[in-house]
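Per-chain residue numbering starts at 1, and chain names A, B, C and D are given in the order in which the chains are listed.
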Amino acid sequence: MTPAISLDGITKRFPGVLANDDVDLTVERGTVHALLGENGAGKTTLMNVLYGLYEPTSGRIVVDGTERSFEKPQDAIDAGIGMIHQHFMLVDSMTVAENVTLGTEPRKWGGLAIDRDQARQDVVDLCERFGLAVDPETRISELSVGVQQRTEILKTLYRGTDVLILDEPTAVLTPQEIEELLSVFELLTDQGKTIIFITHKLGEAMQAADEITVLRDGRNVGTVDAEATTREELAELMVGREVLLEVETSSYDPGAVTLSVDDLTVTNEQGIDVVSDVSFTVRRGEVFGIAGVDGNGQSELIEAITGLRRPQAGVIELGDREITDDDRRERIDQGMAHIPADRHERGVVMDFDLVENGLLGSQHAEAFVNNGRIDWKRTREHTETIIEEYDVQPPNPDASASALSGGNQQKFIVGRELARDPQLVVATHPTRGVDIGSTEFIHERLLELRAAGVGVLLVSSKLEEVRGISDRLGVMYEGEFVDTVDPEAVTEEELGLLMAGEQPAQEVSADERE
Amino acid sequence: MSESDMLARVKERLRAVLRRSAQTSAVERLLISTAALGLAVLVGTVLILVSGRMTTCTTAAATYFGVGFCYDPVTVFDRLFLGALGDPMNPLFRPLHGEFAPPFRKGWSPFNAAMAVTLRETTVLVFTGLSVALAFRAGVFNIGTQGQLVAGALASALGLLVLAPIVPGGAVGAVLLVPAGLCIGAVAGGLYGAIPGVLKAYADANEVITTIMLNFVAAQFALYLVSNHFQRPGSQVVETVPLPDVGTIPSVVFDPRTNFSLLALAIAIGFGGVIYYLLQYTTMGYELRTSGLQPAGAEFGGVKTKRTIIASLTLSGALGGLGGAMYVMMILGNFQTGVPSYGFDGITVAILAGNNPLGVLFAAPLFGIIKSGSIVIDTATSMPPQLVDVLRGLIVLFVAMPEFFRLIGRRAIADEPSVPNGGDEDA
Amino acid sequence: MRELPSLGRKTLGGVVVLALVGGVLSGFVDKNALSSTLRLSVPIAFAALGGIFAEKSGVINIGLEGHLIISAFVGIYATNLTGNVWIGFAAGVLASTLFAVVFAIVCLEFRADQIIAGLAVWLVALGLAPFLSTVIYESVNAGSAGFDPITIPGLSEIPVLGALFDAKPPVYLMLLAVVGSWYVLNYTAFGRWVHASGENPQALDTAGVSVKRVRYASVLLSGVLAGIGGASLSLSLGEFSGNGQTMVDGRGFIAIVVYLLGNYNPIGTFLSTTLFAGLQTAQIQLQSGYLPSSLVQTIPYITVIIVLAGVGRTRTPDAAGDHYESGEE
Amino acid sequence: MDRRTFVRTLGVTSIAGLAGCTGGPTDNGGNTESTDGGAASVAVVYATGGLGDGSFNDQAQTGLERAKKELSIKTEHSQPSNTSEFSRFQSRYAQSTSPDYDLVCCIGSLQQDPLSDTAPEFPEQRFMLIDGKVDEPNVENYQFREEEGSFQVGHLAGLLTKSGLSTGAASTTDATSVGFIGGKENPLIKKFEAGFKAGVAHTDDAINVTSNYVGSFNDVTSGKEAALTQYSNGVDIIYHAAGNTGTGVFQAAQEAGRYAIGVDSDQSKTESKYADHILASMVKYVNIAMFNAIKGVVEDAFEGGTATTLGLKQEGVKTVYGKTLGSEIPAETKSKLESSKEKIVSGKISVPTDPSNV
């Protein structure tokens, strides 16, 4: 049988970067194929080439036995290839049906009007055929991430896709939603569809895929049978060396309370409560983790704590000072460091160089400012220290933030925030998009601060991260704390259930440690 | 070393310079602005020739390729740029023809009347340009500099008329009144700018709309106030009584009747430096710039965004108000309704300057020349002076498309230029 | 039936209330006042509709004023040349469309800053129209034949609303254009693409529709619509006057104000336009009262500010003003 | 041939020229004409509003054209778009050496202030100012009693709205109501308003006068809407003092089938499209002032430092009946106007210059 996709010697070169280097890839029809690799290994670039977003510098693309050249995504779509990006390509203000049919709307009246009824019916039919539950009339902005993803899948199916590419589809899902997604994979392959998905999670690749191709530094370093391989083998292929998969934490010896949140209620822009009556404390010398599926109020909670959003009700105390009504600047002055979730929007000013970014948040600090005059020399020295300590690439303080890769921006932000000599660090997804080496380094720094008696509040959608370095773990679901658990005691399944809103069974206790 | 070797080396050197300059944004900015000016002149030339065939005249102003044209582009641009400087060039100075007479025309003084007009327009444009640039840097689209200028102009005129009887005459009076007038203008402009600031910060009202509306309101309100309460008796136009001499900015070097004061220009240039310093070296400026580039990032960095919006519009308004005070205290000597559109011109100045306060100091004179030169064109050629407005628009248009020039620049650097032949290069 | 799409209901409500207030002030009970309001609305409404298409697709066209100016002049000139008002009208629209082509190329091919390029379009037109007028007519002012009114027998006799059936062609065209734009934006595939192109161009691109083409089409459409507005302005009178800010006199900027106020919805925008035009009509009536006319003339502007402050923010499309290159990550 | 037709023909010729490449200079020799040493040179700085306003500036231009023809002078003119440009144009012409202008004519009250600076700066240059007064030995001033002329047309409007008038294209209503539309609200235009109101009141205190200001001399659209509003409120006759904006008033009169009164020049001729609706015009003989001043210069009789005020008495302002409608106005009305004119000339009636004093 001819393979669904066959890539032959694909090379993609960007100015100064060789993203893909002579990559071969064969995907059989009706199978699930995982593309595994670290960030920056060239997985997404390869798939963008297959999808016609990039033209390859050299190499051949063969679809279903026919050689193709794609100049634009439409060419790939015409060849039966569909792609679901990490950032969903959905128009928030439109409904599911409108998004699914975008660009290929069914028409009536000689093409003068969109046939809305037809569009809705088409989506309903598709849902039934592939067993996907989505209401066609709901606006995207009102849907959970999982359903949005299903909408994306519907979009590609609607266009008659045979080969579905998914870029890190599980990154934002709960364990339960991941399960559901994997069963959707099965339904799709049963009907003859072929699936390629990008991931950097070993377990997932092994669980969901029939075959796994590992990319490293833009090269294909091996294709293995998912049944036959081991985690260790894959990890070694990915990183090129043996990897320690566990983070070691030192002894847990918490001190006084540094952050106390009491009955906090926060509303979103529409005036709806997205955080309801949340209470918890973070002590000096401890890492308090918050787990939960994205969009369950974590970001609003963090914004309220860090002073970026005014809470509706409740009390926040930092040390022994109430800071509920303090603004952002006063909180910074009180020793609250914050690694924000969205580095492009908040963490760095993209058009500033690194020196100017080094000052962000310290523009009133006496260390850098005399009587309103900024001491750029001292700021530059400070920036150079961060760059060196956190191995920010390129090590050029005059480079603009936008010239840095996401991982390096993140390292810079972490370096700047942790250098504040804080009493509390509020870290949101601190290692998102950062390579394994730097992730280790950032974790080490957070643990060092913990050892030095700083309180750390950690939010992450990476379960292994929050479980790995937290001392206590609060689980959020729909704006409430479902439970606070011992991360070492709880199993992944139990955690998944909590994240899905199941009330905790009383038995989850210290006895059940693995 | 052979000639072709040398040529290749010079070209390589040149290309390296170009390559390096393509990286430094200030130089690039300058190159692009110059190229935009050049291209605008080129398009303008075509326009002049075409319109010279569209109209009818008895004698041709110029003949090119055996075709007569009613307007001569050479004369037009000569009048536009040199006329605005009071014709400095000596007609006998023709270096291209190997004649090196003194470059400046005999009897030409840099302190001539045309130059005074150019510089006094420049002075006001520096203020309005700074006003717009500052707001833009803070991410606030202040279209209301015009209204703020009117508010400042009116307030300083009325304020000085109230104060004049109180202070003594002579130098002492001037020392007291001139700064007072400027301050009143700045405060009034600032307060008027604060209105859209407050509306934006606390009512989320789009500042583009509110400032456009407030421009109309300012003009009408000034008309009401002056015509109903401060009308100069016996005058046929809506204006206040003239300011006493001690309330006007004393002219330096230039003839007092030219209504231009070097002192005012010096103050304007000083403000350019001050605003530059403010933006680059102070916490306030840093916060303004941060909010302008990335509001969410500014919020993250502890910038009080609402306060920054209000502060930037207030400051921007104050600069506009100062421009108005200058207009009243230097150019008019009283307040009259029908204030020229300095505020809108400030937008073009700021755009050409890339919103850089020091850039404003270079862009303002260009538009000063254009404004002053358009008068010379009207009186010295038969060309309708509105052409100058077209040129101004074209300059702005071309400045808006740096990518176009980069493309050309890149091509010039990358491609081996098709060398025509060596012989062309000698003098 | 679905609710009116993408329309802040609060905004619409506010505008409707204020349009009514404006209406009452101007004596909407009066057919003449309504006629006057409709006539004053024409150039503003067309320019605003054009602005909606451009900005909803992600290209802010701040140069609407320029499109009005150039089409106003060319309309008169071509009418003189051909002796036919409709040909003149078409030529005016064509001139404005050519400006839109230049604007689109500059923005979409050379990635120009849309605001600056839009201002440039305005400045060029502001100079070019009186320049050409002077070259051709030796005066910044020019006259030609103009449109004749079309009166629909019977219907025009209806009290008040009879104004809708007794007007010059531009007024009818305006009513058609408002409904047509509303229909196109909400019920056709093109309208949906325009929306997607302004909100999430990547979504549209990956769905296989060229963002560039949609944006080109939208900008050209904005040129066409604004051109109709400008040609209507001058040809309703058979006059072009080019001194100062020309006869357009800021109407293109008011157009931006009204579509922001109408939250990019053609119907809401039309209501905002009539609010503004109604207040203009009303202020003429109010001048005869005790307030000095200079103060009365500020009423429309101050009202807009108050409405805006009361109704609150208008949400611009997410990608408006941003350049989009296919294949960009 | 009236100006508009002339202008249109010009436009047609020129585009034909473009298409057929026959435009451009008619004398294709390309040589600049040598300056004729004998002829006097005159420069004119027009008022904002520009040529083609069918009113003030055009009226001034007819004086210039006449001088050109009869005195064979050379002329140059400019049309500033902004008041701040006046002083620059004035001094530009004053400075000019080729040609060295014998006279610089400054049209419009807004030029008074700039000229009071410019004139002393160039004591050798001769200036003439219309609608203002600058006390300098090198300036000849001409001012007009617009209120007197306006009084006359106010009287006319008052009489006709009372007696009623019906002509082919237009008619009055039963109501007795007249209106005034001004451009920008300034003291000069208020003189027109004051005179008009006084003239109406002189006819009958009971006649209603509505007055509106459009806020611009260029906004034809708004002028038309304001006039239509007045007509729909029952106004029979509108007198405008609004420059270009006034064209809108005539259009409104045409649409509403009512009457209007023109200003500055005989607008039944300059705006002949609307002659069926223009009862009369309050002509301000700016052209005569222009011609006389130029003639004075040519004949070396320039009288610097003088201020000539031209009222009804000097025939500087005058009511000129419309070329079409003039014959429809009853002789009785005309004779009443004659008698009120005599009273003004003799000082028996004093006409106010501020509308609030009416």
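Brief remarks follow.
The criterion applied here is as follows: a residue touches a chain if its C-beta (ideal position, glycine included) is under 8 Å from a C-beta of that chain, and two chains touch if they have at least 3 such contacts.
Just so it is clear, the model here is predicted, and its values are computed rather than measured.
Interface comparison, A-B against B-C: more C-beta pairs in contact at B-C.
Centroid distances built from C-alpha atoms place D farthest away from chain A.
Averaged C-alpha coordinates put the centre of chain A at 48 Å from the centre of chain B.
With centres taken as mean Cα positions, chain C sits 30 Å from chain B. If you average the CA atoms of chain B and of chain D, the two centres end up 36 Å from each other. Shared interface positions of chain D, i.e. residues touching 2 or more other chains, are given as 10, 14-15, 82, 185, 215. Those residues of chain B in touch with two or more other chains are numbered 54-55, 220, 223, 227.
Under the contact definition stated at the top, the residues of chain C that touch 2 or more other chains are 130, 135-136, 140, 242, 294, 297.
The touching residues of chain A, when paired with chain B in their complex, are 308, 327-329, 331-332, 338, 340, 342, 345-352, 356, 359-361, 363-364, 369, 372-374, 376. For chain C in complex with chain A, the residues that touch the partner chain are 6, 187-189, 192-193, 195-196, 199-200, 202-210, 326-327, 329.
Contact residues of chain C toward chain B in the complex are 106, 110-113, 115-117, 119-128, 130-132, 134-136, 140, 242, 250, 253-254, 256-257, 260-261, 292, 294-295, 297-298, 301-302, 304-305, 308-310, 312-314. Every residue of chain B that touches chain A in the complex is listed here, in rising order: 281-284, 286-287, 289-290, 293-294, 296-304. Residue ranges on chain B touching chain D, taken from their complex, read 50, 52-63, 67-70, 113, 117, 220, 223, 227, 231, 235-239, 255, 257, 259, 331-332, 334, 336-341, 372, 375-376, 378-380, 385.
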